[in-house]
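The two complexes that follow have subunit A in common; it is paired with subunit B in the first and with subunit C in the second.
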Partner chain A sequence: MNILLCCNAGMSTSLLVKKMEQAANDKGLEAKIWAVSADEVSRHIDQADVLLLGPQVRYKLTEMKKEGEARGIPVDVISTVDYGTLNGNNVLEFALRLKK
Partner chain B sequence: MAGFISFLENRVMPIAGRIAEQKHLQAIRDGIILTMPLLIIGSLFLIIGFIPIPGYGDFMAGIFGDKWLTKLLYPVNATFDIMALIVGFGVAYRLAEKYKVDPLSAGAISVAAFLLATPYNTMFTPEGASTAVEVGGVIPVALMGSKGLFVAMILALLSTEIYRKIIQKKIVITMPDGVPPAVARSFVALIPASIVILVVWLLRILIENTSFQSIHNIVSDLLVGPLNALGSSMFGAIIAVLLVQVLWSLGLHGAAIVGGVMDPIWLSLMDQNRAVFQADPTGELPNVITKQFFDLWIYAGGSGATLALVVLMILRARSEQMKNIGRLSIGPGLFNINEPVTFGMPIVMNPLLIIPFILAPIALVIVTYLAMELGWVARPSGVAVPWTTPPIISGYLATGGKISGAVLQLVNFVVSLLIYYPFFRLWDKQKLAEEQASQSENKTVAL
Partner chain C sequence: MNSKRGDRAIYATAGDSVKRLDLIYQKFLDFGLGKKISASELAEMLGLSRANVSSDLNKLWKAGKIEKADGRPTLFYTKQTNETLYNTETALDRLAKGNKSLLTPIEQAKAAVLYPPRGMHCLILGETGVGKSGFAGLIHEFSIDIGRLDKDAPFVVFNCADYANNPQLLYSQLFGVKKGAYTGAENDRRGLVEKADGGILFLDEVHRLPAEGQEIFFTFMDKGTFRRVGETEVERTAQVQIISATTENPESSLLKTFIRRIPMVIKLPSLVERGMEERFGILINIFREEAFRLGREIQISASAIHAFLSYHCPNNIGQLKTDIQLTCASAYADFISLKKKQLQVSVQDLPHHVKQGLLLAKERKAALEELVGKEHKSFVVQPTQDSISIERETEDTANSVYEKIEQKIQELRNQGVSEEELEFDIENYFTRFIKGVNKRINKEDMSRIIDPIIVNLVEEIVRYAEARLGKILSQKVIFGLALHIQTSKERLAHGKQIINPHINSVRIKYKKEFAVALECVRMIEEAILMDLPIDEAGYLTMFFVLDDESLQQERETVGVLVITHGSGGATAMVDVTNRLLVTDYAKAIDLPLEEEYMKVLEQAIKLAREVGSAAGLLLLVDMGSLLGFGEIIEKEVGIPVMVIPMVSTPHVIEATRKAMLGHTLEDVYRDVSSLSSLTVLQNEEQPKQEPAQELAPALAIVAACLSGEGSALFLKRMLENRLRYDNQLVEIIPLQLIDKAQARNQLKQIKNERKVLCIVSNYMLDKDLRCYGMDDVLNGEALQDIQQMIDLEEAFMKMVETLGEHLTMVDSRRVLGDVRACMGRMEERLHNVLVFDTRIGAYLHVCCLIDRLKAGLPTVDYAEKESFLAENRRLYSIVRHELQLIEDQYEISIREDDVCFIMNFFLHNKTLV
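Let's look at the complex of A and B:
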């Protein structure tokens, strides 16, 4: 399971990466989770199974969805509450649900 | 207040979204990012060159010889002074990417178009002469830096538009089967590239016959002059900050959206200061407003100057929720990242907290601008300190090593703390009441 996160500079999503990795570890789930800035997504999306956007760049959703649809990769925006509280577990669950 | 929120959501949000999604603005924003690492590296050398210790210059000259400073600043000239070239390439590259045409070719064509618009001569004063003479056969360094930034951006957009239109209309040279794909690709760029060159060439010849004489002069007189005047004023800064804060209040990355329009202006203002500082570190710097003005003095802790708010949460919060958010936010907050605050507290879509979130940075613009304009505090020297640098250190470095820059950050911290305090108390009380209510409910159930 490869989960790509994206926000403006890839900074605040990298906070979330750590929490999600912990959550994946606790579940015994093998996952590669990483964060990039919005302008780098095109170079990383091919390695991803699912792409999640930080809520502050949700204006990029239409553009990113197009990229995702072309590759069969689900794309969505992380909920603001889970994002703000850095709830790695919820965001991981969200990614898993999207992938199904 | 609920009306205000719904106004923001229904009226402002769609417009903001459209601006944020606009291809050309995104290309400018993403293309400019390409120069930032170079500017930061150049700044390191600038900082080392002008360490404000008495006798430092003599000390260095004693070890490395009289020319030590000139030699030390070579990298500055190779980073700051080629800003326009890099941006010209970066913007074209990013725009071509969005159109899904070959970005590398688009970048190369854009650089050629930019140089085609630039007369290969410069004014030079020979040693012993009193008047400058025009020298040919040189690429004028002055126009490769921030002075040429807008020409480079405009030509990057223009050339890439021409390039992709022609490619998408399929007016290209198609090679017969059997020609290696790499060879075919190199020919694909030929027609669009020659049309770009033709257009810019005609433009240059045309303008050479007017009183402007060069594309650079037209752009600087008609566009850059007015833009810089607006961008360097306190009024312009307040409007920009207001926009950033309103967008963040909606949960959108305001700084990224507004930066697409303002970054070129703020970067060239920054570079004007840098040029003066590099020539004479004691000279009077022309601008108060630069990129660092916002990143370092207004947005300590992240957009909204939320570092003070996070400190309040840690020291004064009584509700568990606010204590938690405070603990979660202080680490990233020191490096000016505040999503745990904006989305976690939350400030986004929260009518109570949006008030200080908008007021505090505006107050800081006024305080900072006046303090620097009146000469109480050193102006940003043009050293490109990364926005993730913690306050106090960043204010010292960005002013070229002046304590006053760090002191003003402390003052700004107190100002934002005072503005946030009453609102923070109200919100914390509300959260505490909610927690106690749910606790007593649990107790009743347990009984």
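Let's look at the complex of A and C:
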């Protein structure tokens, strides 16, 4: 399971990545989770199973969805509250639901 | 008595001589430049004796006023042009202006100075603080002004009291010491008498001059000769004019000898003897000195002036001066601490004993007003200007009017006008008037009660106000206004005050209405030929304002619905009630026994929607099965409902009457139930005693209702039902608004303990807090906003926790707070309020950025930075600028690339894709 996170400059998302990794670990889930800035998404998207956007780059959703659809990768925005509270577990579950 | 008469004689001659001198000199000035005249010619011309004229001419010549030509008979001429006697106005002349009571002392002083050959010693009598030393100083100045003394002639001051216990030292101070005169006298030393040679020696508190040595002094005064202490052979001389001063009664034995030796006794009047007009001038002068000292203009309220003019001031000008200085210091403190925008002196700044002057001021109000001027509300003393400018109340400078209003309230308070007298809490007052009028009195009744003049006046006011405010006043406001004006008129006619304690807040809150009200006050004054206090404008303002609010309140009265079994029972009771109260307020449902329960309930709900309001519904029923209706209606309609069982006609009447007057549901319920001896249902609206929480939630939403705790509770419940929140973090607090001041205090306390997210209320309680109208909440419009605020705050609180686990270099709470403040400033300057999603992201982003930079970790480069910056220059400069503080606080340096990412939050600040 490869989860790509996209945010503004990868600044805060890296924290969320850590939290999600922890959550995955607890679940005994094998997952690669990493964060990149919006500009870099095109270079990483092919390795991802799911693409999640930080709420602050919600404006990129249409653009990213196109890219995702072309490759059959689900794309969505992380819930603001989960993001703000760095709720790794919720975001991980969200990613898992998207994938299904 | 003899000596007294003698003094007067001397004074008279001396005074005459001064006048003669003036006359002669004036003649010269009239002649103009160069005209030469002899003493005898002049004496003949003026009808004076040649000897006198000759002596005066010599005096004038000595004073350098006129010139002498060589030859016989001596001819005199002037080089002066036609000015006053002494080419500039002398110090004493300046004092004479506006100080009529000092004319005699001034004339005496002039005479004493001009008395040949070297002036006359004089004694100044007067109470403590009347200005004896100052007067002596002026005599010295005068002597220089007229050329009687050299420009640098000494003025030596000696206070006899300083050495009263040591005559030896006193004399050595005055006359000097010969070397070796006594142990410690190691050098020859000059005394003050020698130092004063060619000038004036001022001996203050001369009655303290020890009796045993007075003779030495008298010798010096008579002959101008003296010896230093220890000297025997040499007799020294000094030309000194001695001015002595004392507070003692001149009849006292000590002074009797003294007065015999001193021909000129000048008595300075006490402050009381000076009279009000002079006192006014004196105190303004002192204020001016203070203004000069502070380098700013001082504004003094008329009441403060009244107090200063009236208070008991036993130590005269000296005390007045001290008191004014104290007052200015207090006002200055307020000014410096930014409590006041200007250096203003009003009654509350005055020392207590000065304030008491206002009690005396009442007794001589007319005199004070004549002096100070009725229309002058305050006086402005400039630090530079010689004359004081009087600030007049003008129609268009509304601001100064407001300040005066404020001051007036304060001053009235300080005058001891009790809070009872400052009667009428404005809200209660208005609720009473407006609500009552509409419901109880119909138009015909009105014209019977109200004076036709006032009815016409009110029509005029309404026309004017409607035009200016661009709205239509409701009929009931018009009646309320009429009733109010009538009452005010009666109160004034009975000499009662009309005071509006809220006038200041009223005028701030409702600027436009207040301006209109001021004009209306003028109209009323013209119509009823009475002066109205400005407070009246505050009340009128409320009439104009409350019209809108009152409409809402009308809807907010408690509905009354009667349901009984049996055909016509309820209707009969309601009909009686409505007929008696001339209304159709109460509603009825008859419940025929055969009627289906559900059908009745449907009907009841439908009716409840019509007659009920946010204030609630009072249900009056006759039998048990209907008791359950209350709960169902409450749920269905969403308004609080209370049920009175075992209804009777008196219940219905009482309920309807109370409800119409705007009583709260609880009040109506309580009053109606107390009518009946039967037990009533448990009060459903009682707030359940919540178990004391160990830690109150940090966030609060305040729900405030005017109509009482019940509706606030209702509002609280509704918010609780419709908002999602974590009750560990957020609490909704009901607040009763009956007493606004109390409500404000409660709110303040809540604010101290926790963060208040917003207020739900129809009244602006706190302008710093976001306030949602009840309507907006009830119809759901505001709920989304409030929800978002809660979400944000909750996220924010949780962010602190989560960030705390991750940030390595900085404290999460602190950094989040700083970032929040920083972003807030950006939002404000950019007029771009971040939407919720963006905001959370932005906070996190910047917090992490700070942590990262602090740790010395690299940050991401921004692609196409240059073109991005070129496109968004203004945004960049604002964001950069606001980040400066963060950089300073955390000692980090934020790169341009980092700034670009932050700018993006503002550029893409949208909720939806």
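Here, the second predicted complex is superposed on the first by the 100 of 100 C-alpha atoms of A that agree within 3 Å, B and C clash if a C-alpha of one lies under 4 Å from a C-alpha of the other, contacts with A are read in each partner's own complex, and residues count from 1 in each chain.
The working rule: a residue touches a chain if its C-beta (ideal position, glycine included) is under 8 Å from a C-beta of that chain, and two chains touch if they have at least 3 such contacts.
Every value quoted in this text rests on a predicted model; they were computed, and no experiment measured them.
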Worksheet item: Looking at the overlay, what does A:8 touch: subunit B (first), subunit C (second), both, or neither?
Response: both
Item to complete: In the overlay, answer first, second, both or neither for which of subunit B and subunit C A:18 touches.
Response: second
Discussion item. I'd like to know which partner A:42 touches here: subunit B for first, subunit C for second, both or neither.
Written reply: first
Discussion item. Contacts for A:62 in the overlay, against subunit B (first) and subunit C (second): which applies, first, second, both or neither?
Written reply: both
Practice prompt. Across the two complexes, find the residues of subunit A that touch subunit B and also touch subunit C.
Written response: 7-8, 11-12, 15, 37, 39, 54-59, 62, 80-81, 83-86
Response to the item:
In the complex, subunit A touches subunit C at residues 7-12, 14-15, 18-19, 37, 39, 54-59, 61-62, 77, 80-81, 83-87
Worksheet, complete the sentence: So, in the complex, the side of subunit A touching subunit B is made of residues 7-8, 11-12, 15, 37-39, 42, 54-60, 62-63, 80-81, 83-86
Discussion item. Which stretch or stretches of subunit B touch subunit A in the complex?
Written reply: 16-17, 20-21, 30, 33, 94, 97, 248, 251-253, 255-257, 324-325, 328, 332, 337, 339-346, 348, 388
Fill in: Residue numbers on subunit C that touch subunit A, as the complex places them
791, 794-796, 798-799, 801-803, 806, 836-838, 840-845, 847-849, 852, 859-860, 862-863, 898, 901, 904-905, 908, 910-913
